[in-house]
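As C-alpha cells, the structure follows; a few thoughts come after it.
The letters A, B, C, D and E name the chains in turn, as written, and every chain counts its residues from 1.
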Amino acid sequence: MRHRLKRFVLRRSPKAGLPPGTLVHIGEHTREITRISILDFDDGALREQEAQGSSECRPYKDSPSNSWINVDSVHDVKLLRELGQDFGLHPLVLEDIVNTDQRPKLEDYGEYLYIVVKMLSYAGEALSVEQVSLVLGASWVLSFQEQGKPGDVFDPIRTRIRSGAGKVRKRGADFLAYSLIDAIVDNYFVILERVGDRIEALEDELLTNPSQVALTTIHHLRREMIFLRRSVWPLREMLSALQRGESKLVQPDTQVYLRDVYDHTIQVIDTIENLRDVLQGMLDRYLSSVSQRMNEVMKVLTIIATVFIPLTFIVGIYGMNFEYFPELKWRWGYPALWGIMIGIVALMLAYFKRKKWL
Amino acid sequence: MRHRLKRFVLRRSPKAGLPPGTLVHIGEHTREITRISILDFDDGALREQEAQGSSECRPYKDSPSNSWINVDSVHDVKLLRELGQDFGLHPLVLEDIVNTDQRPKLEDYGEYLYIVVKMLSYAGEALSVEQVSLVLGASWVLSFQEQGKPGDVFDPIRTRIRSGAGKVRKRGADFLAYSLIDAIVDNYFVILERVGDRIEALEDELLTNPSQVALTTIHHLRREMIFLRRSVWPLREMLSALQRGESKLVQPDTQVYLRDVYDHTIQVIDTIENLRDVLQGMLDRYLSSVSQRMNEVMKVLTIIATVFIPLTFIVGIYGMNFEYFPELKWRWGYPALWGIMIGIVALMLAYFKRKKWL
Amino acid sequence: MRHRLKRFVLRRSPKAGLPPGTLVHIGEHTREITRISILDFDDGALREQEAQGSSECRPYKDSPSNSWINVDSVHDVKLLRELGQDFGLHPLVLEDIVNTDQRPKLEDYGEYLYIVVKMLSYAGEALSVEQVSLVLGASWVLSFQEQGKPGDVFDPIRTRIRSGAGKVRKRGADFLAYSLIDAIVDNYFVILERVGDRIEALEDELLTNPSQVALTTIHHLRREMIFLRRSVWPLREMLSALQRGESKLVQPDTQVYLRDVYDHTIQVIDTIENLRDVLQGMLDRYLSSVSQRMNEVMKVLTIIATVFIPLTFIVGIYGMNFEYFPELKWRWGYPALWGIMIGIVALMLAYFKRKKWL
Amino acid sequence: MRHRLKRFVLRRSPKAGLPPGTLVHIGEHTREITRISILDFDDGALREQEAQGSSECRPYKDSPSNSWINVDSVHDVKLLRELGQDFGLHPLVLEDIVNTDQRPKLEDYGEYLYIVVKMLSYAGEALSVEQVSLVLGASWVLSFQEQGKPGDVFDPIRTRIRSGAGKVRKRGADFLAYSLIDAIVDNYFVILERVGDRIEALEDELLTNPSQVALTTIHHLRREMIFLRRSVWPLREMLSALQRGESKLVQPDTQVYLRDVYDHTIQVIDTIENLRDVLQGMLDRYLSSVSQRMNEVMKVLTIIATVFIPLTFIVGIYGMNFEYFPELKWRWGYPALWGIMIGIVALMLAYFKRKKWL
Amino acid sequence: MRHRLKRFVLRRSPKAGLPPGTLVHIGEHTREITRISILDFDDGALREQEAQGSSECRPYKDSPSNSWINVDSVHDVKLLRELGQDFGLHPLVLEDIVNTDQRPKLEDYGEYLYIVVKMLSYAGEALSVEQVSLVLGASWVLSFQEQGKPGDVFDPIRTRIRSGAGKVRKRGADFLAYSLIDAIVDNYFVILERVGDRIEALEDELLTNPSQVALTTIHHLRREMIFLRRSVWPLREMLSALQRGESKLVQPDTQVYLRDVYDHTIQVIDTIENLRDVLQGMLDRYLSSVSQRMNEVMKVLTIIATVFIPLTFIVGIYGMNFEYFPELKWRWGYPALWGIMIGIVALMLAYFKRKKWL
C-alpha cells in the first residue's frame, strides 16, 4: 500500500530550484547497469550490437537502414546527455526521459517526435509502472526503458525483426515505433485479464464468505483501477494526435495501424470503466448485505428480548418475599402463571407475525 | 454472474506479442459449423445459395445485382482469410471481425465501409451479446455473425427480400446494410421491454415482500443496464457519422432512413437511462425502507426494555432476603407496589407519547 | 406507479421486424373517435370546419390563407396514411406520428418542418404525457394530438384566432406553429406550480410528522421530475435549432418570438433542477432526521439499561438463598444497600453528563 | 423556508393562455408607488428629475447627454407600456421586465441591448432576490428594479455622478450600464462575506455543540448556495458575450472594464463553489461524528450488558428455591461465588481490551 | 480551521461602492515594510539595487538590458500608484495586484502582459497562499509578492542570475518571467510531497489505531486538496494561452519551455486528483471499517443477550415463592435444570453457528 502511494508523489524536491533542463533522475534507483542494444535492419539485412556508449550509436543515426536503439534504465545521466547531443535532442526531452513521472504524451520537435508511454506489469501482487520514452527520427527509433527487466513486452518484436516475420522489417521507423506502442497496449489486456481473474475470485469469496479482507481487496483493486485509468487515459489523446498524421515522420499507410492501436486503447479504457463499475457494484452489494445481516441480528435480539424481558419481570414478581401475598398461597397459582405466560408469548408472536418480523 | 464477468475481459493474452493482423478468434468457441448463405437480388430477380467456401462467393462481388453474403460464426480463420483476399479486405478488418470484443464503430476504407454492431439477446435469464460485422461494398454486403443461432433478427429481412415486400429489393446495398442495422436496433426495444417487465415484477415484489433476493436482482439489472449502455452508446456516434453521408457508398435518399435509426438509438439510450434511474430509485427506496423498518424494530425494543427493566429491578428488590426489611411485613406492601409500578409505566408511556415514539 | 413505468418502455415488439415506414400505433389505445378540426383564416376572414376524411383537408393545402388542421388521437392509421399522401409527408414522419414515444425533435424535410413536442397534464395524481406532432408547411400547420381530450392547452389559441385578438391572425403559419409550442411550454409552468405546491405541502408534513408515506411521495416526485426533465430537455436543443432560422419556412420576425419560448424552456429546465435540488435536500434532511431520532432512542435505551442492569444484578445478589450469607443478617444491610445503589446511579449520571449523553 | 420555495416556482398560471407580449406582473406585489428618477449628465452639466410619467422621460431619449432613467418597482403595467412605446421597446422585452423570474441574460435588439441581472440582499435572515432589467441605448440607460427599496446598491453610483468622482461622468451610457452591473456584482461579495461569517459561526457551534438545529442551518445554507449559484451562473455567459463587444453600443475602451467585472463574476462563482464544498465537508463531518458518537454509546451499552447479564443469571441461580440445592449449604459458597464472578468480569475485560473495545 | 475559512471569503465589503480602479488592499495586513529589489542584467553585466521608491525604478523601464523589479508586500498603495504611472499600468491591473484574491489569469494589454499566479507554502501545519503578480514588458519584469517572506522560491533564480548559471542571463525578459512561473510550479511538487507524506503517515495510523482525530485530519486534507486544486486549475488554461504565443512579448524559443511548465501543471493537477482519490478511498475504508467494527460489537451483544436472557427467565421461575410448586421438591430438580439450561445453550450456539454469526 505504502509502496503504491509513494509512486503517486515522486520525490521531485531535490530538483526544485534547479534550472530547467537539468538532468536528475527522480524515479526509484535500480542497481542494474545501463544496457544499450541496437538492432539495425532493412528488408534484406540485419545487424545486432550491444553498445558501450553513445559514440557507438552515433553512426546509426544517418545510416539509411532502420535502427532501433533501446536503452535499459535511465539513471546514467552522463550517457543520456551524450546521446542527447549526438541525436540532437532538446534538453527538456532529456529531462522528461529522466523524470519518470510524465503522463503519456506526444511532442513534435520537427526533426523527431518524442513519445511517452507507460508500461505496466505485475511484480508479485503489486501493479508496477515503468515509463517508456520513444524518440522517432527519420530512420531511427530511440527507446528508453525506466528499468531494464529481462523478458519485457518488446521481446516478441525483437524476435519478429530477427526472423523477418510480420511487416516490421519491410516498413520504416514509424512502423517500428507503432509496433512498440502496440506491444505495450496489447500488454494492458494481459494486465486487465489478471485483474478480471482477481475480481472473479473475489466475487466468489464475497458470496460464500464476506470478510473484512475481501473489502480491503476491493478497495485495493479500485485504487489500482484509478491508477490504470490515469496511465492509459492520456494515451488516447496522444494516439489520436499521432494518427491524424500531422507529422511527416509518420507515413500515410501507418496511420490505419495507428487507428487500430487507438481503437485498442479505447477498448482498454472501456474495460477499465467496466471493471470499475463491477467493483463499485460489488462494494455496494457487500455493504448492503452487511447491513442486511446486521438487521437480521437486530431482529433476533429484539424478539428474544421482547419475549423474555416481560416474562422475567413476571417471575420476578412471584419471587418477592412480601408476607401478605395472597397469590402465592393459591392452589393453582403456579400452573395458572404458566398459562398466562404462554398466552403472552403467543400474543407477542402473533404480533410479530403480523408485523412481518418473523 | 461469473459468465457475465468473463465477457467483460475476453482472453486476448494468447494474442499478445503476435504481429498486427494475425487472426486468432478470442471469443467463446462455438461448435457449430460455419454457414455461408448468399442472397443475390435486384428488383426483378432473386437467387439464393448456400456456399461451401470463399470461391463460390467471389463471383457475387462484381455482379451488378445486390448480394448479401452472411457468414454464421467467425471461428473458421482460414475461410475468413480467403474471403478477405477475395473481397480485398484489410488485414486489420479481418482481425476485428475475429476479435469479437470490438466496440460499435465505423471505418471507411474507401472501397468499402466496415461497420461493427452488437446484437443482444436473452439466453434464458442472462443477457448475451454477439458481435455483428458488416462490410458494405458497392453492390454487396458481407455480414459476419459471431455465433450462428437459428431464428435471428435478420429473418424478417430475409423474408422481405424473398417476398419483395418493402423497399429493400428496390434499393441498393446501402439500404440493405441500413435494414440490417435497423433490425438490430429494433431488437434493442424488445430487450428493453423484457427488462422493463422484470423491473415491474420486481417493483411489485419489493412492495409486498422486500427480500435480499430482490436486492440481488436490482444489482444484477443495474449491471445489465451498464452493459447495455456500453453496447449501444458508441452506436450513436457511429450512426451520426454514417448519416452525415461522407461516404459515396451511402446514397442521399438512404440518409433520411439512417437519421431515423439514429433517432431510435437515441431513444434506446434514453430508455436505458430511464430504467437506470428507475432502478436507482428502487434501490434507494428499498434501502430507506429497510432502515425505516429497523428503526421501528429498535423502537419496540427500546420501549419494551425501557418499561420492564426498571420494573424488574423493583421486583428484584423485594425478592431480597434481608432479615431487617420492614416493607415486606407491611399489610399493603404488595398492592402498593403494584400501584407504584403501574404509575411508573403510565409516566413512561406518557413520556414516549410526548416524544412521538409511539 | 406501475402505470408510469409502462410508459417508459412502450410496447414496440409488435413492430420489430416490420419494414421501416410501417404504421402501427404503439401508444395506449384510446377509444375516442378521431376528430379533424380545421381553422382557415387570414387577417380578414375565418372559416371553421369539422372534416370527416383527408379529402376534405386537401384543398386547404394550397389555399393562400393560413390553415390549421388539428387531428385528435392518432390511432386511425388509414386516415393518417391518406393525410400523408395528400400533404406529401415522408413515410418515416407518419411512423413517428404514430409511435408516440418520440423525443422532442425537429426535422427539416425542405417542403415542411416536422416537430415533436410533449404535452403534459395531470390526470388526477398522476402526471401524464401526450405526444403532439406539428407539421409546418408554407401556409398550413398540421397538428396531431395523441389523445383528443376536451379542454386542452390549445383552446386559448382557438379563441384568439376566432376573436382576432393577438397577432396570430395577422401572421403566417410559422407564427401559428410558434403559438402552439408556446402554449405547450406555458403549460409546463402550470405543471411545475402544481408540483411546487405538492412539495410545499410535503415540507410542512415532514416537519410536523415525518412518516414513511412522505418518503414514498418524495421518491415519487423525484421520479416525476426525472420524467419531466427528459420530456423538456431535448426541447431546448430543438428550439435553438428552430430559432437559428435555417429554414425558409420560419420568417425572420418570428425568430425573436422563438427566442422567447426558448428562454421559457430554459426557465422550465432551471425550475425543474431547482425542484430536484429541493427534493434532494428534503430527502437528505428526512434521512438525517430519521437517523438523528434513532440515535436519541438509542441513547435513552442505553441510559436506562446502563443504569438498571447493574442495580438488578445487585438486588439479585441479596435474593440468593445461601445459608451462610452474613450481609443478610446485618441490621443496616437493607438501608445501606439503598445508599450504595443511589451512589452508583449518581456516579453514572455524572459520567453521562460529562460525556454529553444527557 | 416556505417563503423561499414559493419564489422557486412563481405563479405564472394566470398568464398561461394569454398571447405573448401580454404584460401581467407575476412577482410578489409590493405596495410602494412606482418612482421614476432621472439623472441626465455629461462631463460638465448634471440635471436631476423625478418624473411622473413616461412623457417626462421621452425627451431624454434623443438628448446628446447621457441619461439614466431608473424605474422603481415594475407592477405599474400601464406606465411600462407607455415607456415601451416611447423608447421603442419590443413587447417581449416589456413582458420580461414584468415577469421577474428571468435568468440573467443579454438580448441584442440592434437599437438597444436588454440586460437582466439579479440583485441579492438579506432581508433579515432570508436571502431575497430582486430582478434588475437594464436597457442600454445610444445615450440612455433605462433601469427597472423589481422592488424599489431605499438605500440600494446603486446609491454610490448616484453619489459619484453627482460629485463627478470616478470616470462615469466622462464616459458614455455603456460605461454607466457597466457601473450598474459592477455595483450589483460587487454586492455579491458582501452577501458571500455574510454567508461566510454564518458558516464560521456554525463551524464553531458544530465543534462545541453539534445539535439538530445546526444541521438544519447547514441544509438551509446549502439551499441558499444553490440558489445563489443559479442567480450568478448565467451572468458569466452574459458578461462574456457583452465583453466580446459585438454590439456597437459598447465602446472598445469599456471592454476592459467588462472583462474586469467578468473576472469578478468568476470569483463569485468560485467562492460559491468553495462555500458549497465547505458546507458539504461540514455536513460529512457532522454526520460521521454523529455516527461515531452513536458507536461509542453502543460500545458502552454492550460492555455493561455483556458484563452484567451473565452475572445476573448466576445470582438468579442461587435465588432458586429448590429443596435439594447442595451449594446453598456450603460454608464458603457465598464468598466463592464472589470469586467466580470477579474472575468472569476480569476475563471479559481482558477480552474487550484485546479487541480494542475499551 | 477558522483561519482557512477566512481566506475563502476575503473582506471586500469596504470596497463595495467604490469606483473601479480604486486601490484598497483587501488581504491580510502584514507589518513588514515594502521592499523593492532590482536585478538588472544582460549576458555580460549585472547590477543589483534596493530601491526606495518608484522613481529609482523608472530608468530601468527603457534600458536595453533585462530588469527584474521585485516588490515585496502590496499594502503600500501609494507606491503602487506611482509604479503604475511610471510603467504605464492600467488602473484595473493595479486594483488586481492589491486585491489578492484573484484567480490565476493572463491579461494581454498589448504593451505588457499581466499574469497572476498563486504561490503556496506551509506555515507550520497550515497551507498558506500568496498572490504573485507578474507584469512582463519588453525588457522588464515587475513581480509583486503579497507578503515578503525571506527565503522564498525565487531565491534560486536570483542565485542563477548572479552566478550566470542556466540560460536566464542569455535570454530575454520573457524567459525570466517563465523562470519565475516555473519556480512557483516546481514548488507545488514540494507541497504535494509533503501532503503525500502526511497521507502515508495517516494511512499507517488508520490501520493501527482508527481514531476520530484521523478522521478530522482526512477531512482537513480533503479541504486542502480542494483549495490546492482551485489555486492550480486556472493556471492550466492560463499557461495554455501563454504558450500559444499570441503575444509578441513571448519569443518563439521560449514557447517550448512554456509547454514544459504547462506539462508540469497538468502533472500537478493529476497528482492532486490522485491524492483526492486516495483520501476518498481512505475515508471510505475508514467508515466501512467503523461500521464493520460496530457490527461485530452488535453481534457479541446479541449472542450474550440471546443466550442469557432466557436462562435468567428460567432461574427466575424457580426463584418464585409459590406454596404449591412441585418441581422445587423433586430430588433431581436442580441438576435436571442445569441439564436443560446447558441443552438450551448448546442449541442456541448451534443455531448461531449455522447462521454464521459466530
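As a convention for this text, contacts are C-beta pairs under 8 Å (C-beta built on N, C-alpha and C of every residue); 3 or more make two chains touch, one makes a residue touch a chain.
On a predicted model such as this, the values are computed, not experimentally measured, just so you know.
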Checklist outcome for this item: Common contacts of subunit C and subunit E, by label, are D
Checklist entry - Taking all residue numbers at the subunit C/subunit D interface, are over half used by both copies (same) or under half (different)? => result different
Item to check | Between subunit A and its twin subunit E, rotation from the CA superposition, multiple of 5 degrees | outcome: 70
Item to check | Whole-Å gap between the CA centroids of subunit A and subunit C | outcome: 42
Checklist outcome for this item: When centres are defined as mean Cα positions, the distance from subunit D to subunit E in whole Å is 26
Checklist outcome for this item: Residues of subunit C that touch two or more other chains sit at 291, 298, 301, 305, 309, 312, 316, 319-321, 325
Item to check | Going from subunit D towards subunit E, every chain in order around the ring | outcome: D, E, A, B, C
Next on the checklist: Applying the document's contact rule, which stretches of subunit C touch subunit D when the two form their complex?
Outcome noted: 153, 155-156, 160, 165-168, 179, 182-183, 186-187, 189-190, 192-193, 195-196, 199-200, 203-204, 256-257, 259-260, 263, 266-267, 270-271, 273-275, 277-278, 281, 284-285, 288-289, 291-292, 295, 298-299, 301-302, 305-306, 309-310, 312-313, 316-317, 319-325, 355, 357
Checklist entry - Along subunit C, where are the residues that touch subunit B in the complex? => result 1-2, 5-6, 8-9, 11-13, 15-21, 90, 92, 95-96, 101-103, 105, 107, 212, 215-216, 219, 222-223, 226, 230, 287, 290-291, 293-294, 296-298, 300-301, 304-305, 308-309, 311-312, 315-316, 318-321, 325, 327-334, 337
